[in-house]
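Residue numbering begins at 1 within each chain, and the chains themselves are lettered A, B and C in the order written.
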Amino acid sequence: MHLAYPAVLSALLFCTGLYGVLARRNAILVLMSVELMLNAVNLNLVAFDVWLSRAAQETLHSGQALTLFTIAIAAAEIGIGLAIVLAVHRNRGTADIDRLRDTAEGHESDPADGSDSDAPTTGTAGEKAEATA
Amino acid sequence: MSPAFTPLTSAAAETHGFLSPTGVEIAFLLVGLVTFGAALVTVTTKQLVHAALWLVVALGGLAVEYLLLTAEFIAWVQVLIYVGSVVVLLLFGLMLTRAPIGRSPDADSGNRWAALTVAVAAAAALVWVVVDAFRATWIDLDGAAAGSTEATGASLFQNWVLPFEALSVLLLAALVGAIVLSRKAKAESSSPPVNSRATTQSSPPVTESSLSVLGARENPADQEGAR
Amino acid sequence: MTTTTLAVLVPLLPFLGAAAGLLLGRTAPGFVRPLAVLPVLGSLGLAATVAVRQGGDHAIDAATELTPTGSVPIELALHIDGFAALVAVLVAFVATCVQIYSTGYLHDDPRYPSYAALVSLFTSAMLLVVYSGDLMLLLVGWEIMGICSYFLVGHYWETPEARAASLKAFLVTKLGDVPFLIGLFALATDAGSFQITKVLGTVAHGGLDHPTLIALLLLAGVAGKSAQFPLHTWLPDAMAGPTPVSALIHAATMVAAGVYFIARLLPVFEASRAAMVVLAVMAAVTMAGSALAALAQDDIKRVLAYSTIGQLGYMTGALAVGDRGAAVFHLLSHGAFKALLFLAAGVIIHAAGTNSLAAMSRMSNLRHRVPDAFWTMTVALLALAAIPPFSGFFSKESVLGAAEHVATGHTQHAPGAAGWTVLVAGLITALLTAAYATRLWLLAFRGRGTEAPDHGRQPLTMTVVLWVLAVPSLAVGALAYRTLPDWFDGRDLTPTLTTSVLGTGVALVGGLVTYAAWRHTATLAARVPLGAVAAHPEGDAGQVEAEAIASHQPAYGDVARAPDPSDPARLLLGPLHRHAAVGFHLDAVYSALFVRPVQAGATLVRFLDREVVETYVRGAGALPRLLGAAVRRAQTGNLQTYVSALLAGTVVLVVAAVLVATGA
């Protein structure tokens, strides 16, 4: 099989995931897009491993081993990521990335927010400090 | 949403068509289309739960690709872990953050045009570079499966033992971390105001101390100087 | 020890005392009072020794070159003739009295150490001026006196009067000092040396090319320092300083420095007839004007200040008619009785709790509270009014005699017109002097009304000094006029019959007319209550005085006068009273001529700086600020924006790298 097929598919999937990371508002959708990117990488790894194990007599199977590791790490990462998203949701009442603007210049709490995320700045800052301790 | 990228991919396939595509390639191509389409839908749909489900399709498609590439073990691990647990976690996450059922109008942020530009540019660059680099490279799929369980297991437990064990430690850490994160948040949410105020009490406003205008030097004559 | 060594020690001792006082004032407060009194006491002894040794013979000269300047060298030089010897004794004597008096007057003042050190420094500078044989050295002493005057007048710097007065004194005297400096340089250029003996030698040979210009320039400095018209406005306001400072600086020594300077360099002035006429006119205007103003003042110290200006006018008048012996004679006796007047006034202010004559005239039995001040002030006022046999009579008569001598054409030193001017003005002033002296005495000691409060006996240091100073005011004149000519130029200082009769006569007339006016108006006092009294039974005199000064304006509406219908001066001066009280509006003239244009200029400069220069500066800052604002807008806090930008940059770099690698 021509190597271009998996490579191109991998590239396209990666860029799709990239678009999703940059464009989606909900944090969980972002996590999904991150998964897409990781999978694209996995596909690349597998394809090259299969190619090299014949072409270069590579017996280490590093590609597939790394693929397995990537899968495991992705699973761990999504576990932690979701825990964080849930904690944020608990504190701010929202999972929108757009709302998480604490590093903005001249950050003030969003007055248009009708939900209970309007804790005073010091309060949320304090809770955030506690949450990450 | 039908992928509008079929001409592109078929054009890509066409340029390398001086060798007739084998059956594997055709299958790979078709499944790849499905996968890619599902991925596109995942990142563009306005219905959040549908996005998760289309992700399942994409991941499943990738599992089939792995099979086509004779990496069986990885294919089944993909199904088990990704489709099995990761997507379930995502669905749980959606449920616990009360994602709206049905269309949510603000699923895409205002950043999407910049994101589209960046993604398309990146895609173009990557595809072009990759195609140009591997114009004349073929994978040899004949013979024993490169990713059979036996081969993978032997390699894993002979050459990759240390990273494997480290990985298990990492998984343990992730497990503990997730528990700590969710626990701390729960304990704090039971008494938010007192805690937060106490920890973030700002320093008391500086009271204006009354200064004598004449400063440290006291002079008996300053009694009349207070005019 | 040689006389020269002793003479060098005379200014050196107080200087060392001042330095030690400034250094040790905080760390060893127990030493401050001895350090204040003992050096100047030692200086007095040494000055007396020098005077005895010099004895009116040849002048003692000593010089060593300090620095070659390329054209005219500056030397450390001493030139001690009879004038210098006696004036130094006076300065040291008055300074000792003032230092002893100050220990009681400023007993509780926390700034006493620096005050005493500054008084010592001032004394040292004055002695330097007196003994100096080099004009530059004299200038150094002159300027140090100016700055010490600034600090000492501003002693009560918590009061705005003191702050304003010290600045005014400094600026007005500096206004005179700039032409003075130019004059000194011109003189030295013409004479080829700064040394006084060489300068006088050059003048004797007729070697001065521009005598009038030099003399007028020097006169400007003298007018500033000795408070002659038109640079006299600082002296009445300088009464906002402590009374001992007024006694030392503004009665006996600093203001006498100008007179002394002219006396030293009289040949330089005599070389220009025009300058002598100017001097005579200046003296006449000063004498008469200041006496009128003194009559209208309410503050007891301001009366004495204007009196000082007038008596200095006598001295400059004597110099204008070419008789420096008379001038210095009057300087010596005036130094003693004016210092006594000021110090006694300090005691009175302390006892009465006010410096206002209007308030004192509504107090009875004040004289029984301060008997020492009463008797010594009476003596001093009689000396001031030139009643025989007090010392003031002899010294003033020597001045009037000299004027008459010149007026009747008996000398070629000065023009006859100068003599007439001085004589007539001197007689008018004698009348007015007796008038305001009588007024002061009557209002202070013959008041009727509530009992003066009894704050107990005045400190001994203050009262003993009064009696010590009363001796020369009483007796010196009769002894001096016989022996002083030996010390001076040899001209006879005996009072002549004509002027004595005239002078004493007008003085008696002035006194009697004032008494009559007082009798007439005193009954009004009971009907119009007036006055505010500061009551600090535990406070030292300095504190009482500071409060009295600060409260005069709020109590009476003006620093200088009071709306007192029982004041005999209102009757005597009539419509002139209002103008006399404000010094004939000279301050207002200065304000319009100099102060307002300068302030307008300052406002203009501030406007230009703020609107023009600052605008450029702000404009220069506007661009970076805009750029900063633009850059800040990138900090949206939105993670996706940041990552998009990052990845976009990465893609661009990748494409560029690939293109470069493939050789495009």
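The rule is simple: a residue touches a chain if its C-beta (ideal position, glycine included) is under 8 Å from a C-beta of that chain, and two chains touch if they have at least 3 such contacts.
Just so it is clear, the structure is predicted and the values come from calculations on it, not from any experiment.
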Chain at maximum distance from subunit A, centres defined as averaged CA atoms
C
As a test of whether you follow the contact definition, which chain pair has the most C-beta contact pairs?
A-B
Taking the mean of the C-alpha atoms as each chain's centre, how many Å separate subunit A from subunit C?
88
Euclidean distance of C-alpha centroids - subunit A vs subunit B, Å
2
Listed in rising order, subunit C residues that touch 2 or more other chains are 638, 640, 644, 647
Numbers and ranges of subunit B residues touching at least 2 other chains
109, 111, 114-115, 118, 122
On subunit A, where are the residues touching two or more other chains?
18, 21-23, 97-98
Subunit A residues touching subunit B in their complex are 1-9, 11-29, 31-33, 35-36, 39, 42-43, 46-47, 49-51, 53-55, 59-61, 64-65, 67-69, 71-80, 82-87, 89-91, 95-98, 119, 122-127, 129-131, 133
Flag every residue of subunit A that touches subunit C in the complex, lowest number first.
18, 21-23, 97-98, 100-107
If you look only at subunit C, which of its residues touch subunit B in the complex?
108-111, 156, 158-160, 534, 539-540, 542-543, 546-547, 550-551, 554, 638, 640-641, 644, 647-648, 651, 654-655, 658
Which residues of subunit B touch subunit C in their complex?
109, 111, 114-115, 117-118, 121-122, 125, 129, 214, 217-225, 227
Complex contacts: residues of subunit B adjacent to subunit A
5, 9, 12-13, 16, 19, 21-22, 24-25, 28-29, 32, 35-36, 39-40, 42-43, 48, 51-52, 55, 58-59, 62, 65-66, 69-71, 73-74, 77-78, 81-82, 85-86, 89-90, 92-94, 96-99, 106-112, 114-116, 118-120, 122-123, 126-127, 130-131, 134-135, 137-141, 143, 146-147, 151-152, 155-156, 159-160, 163, 167, 170-171, 173-175, 177-178, 181-182, 184-186, 188-189, 192-193, 195-197, 199-200, 202
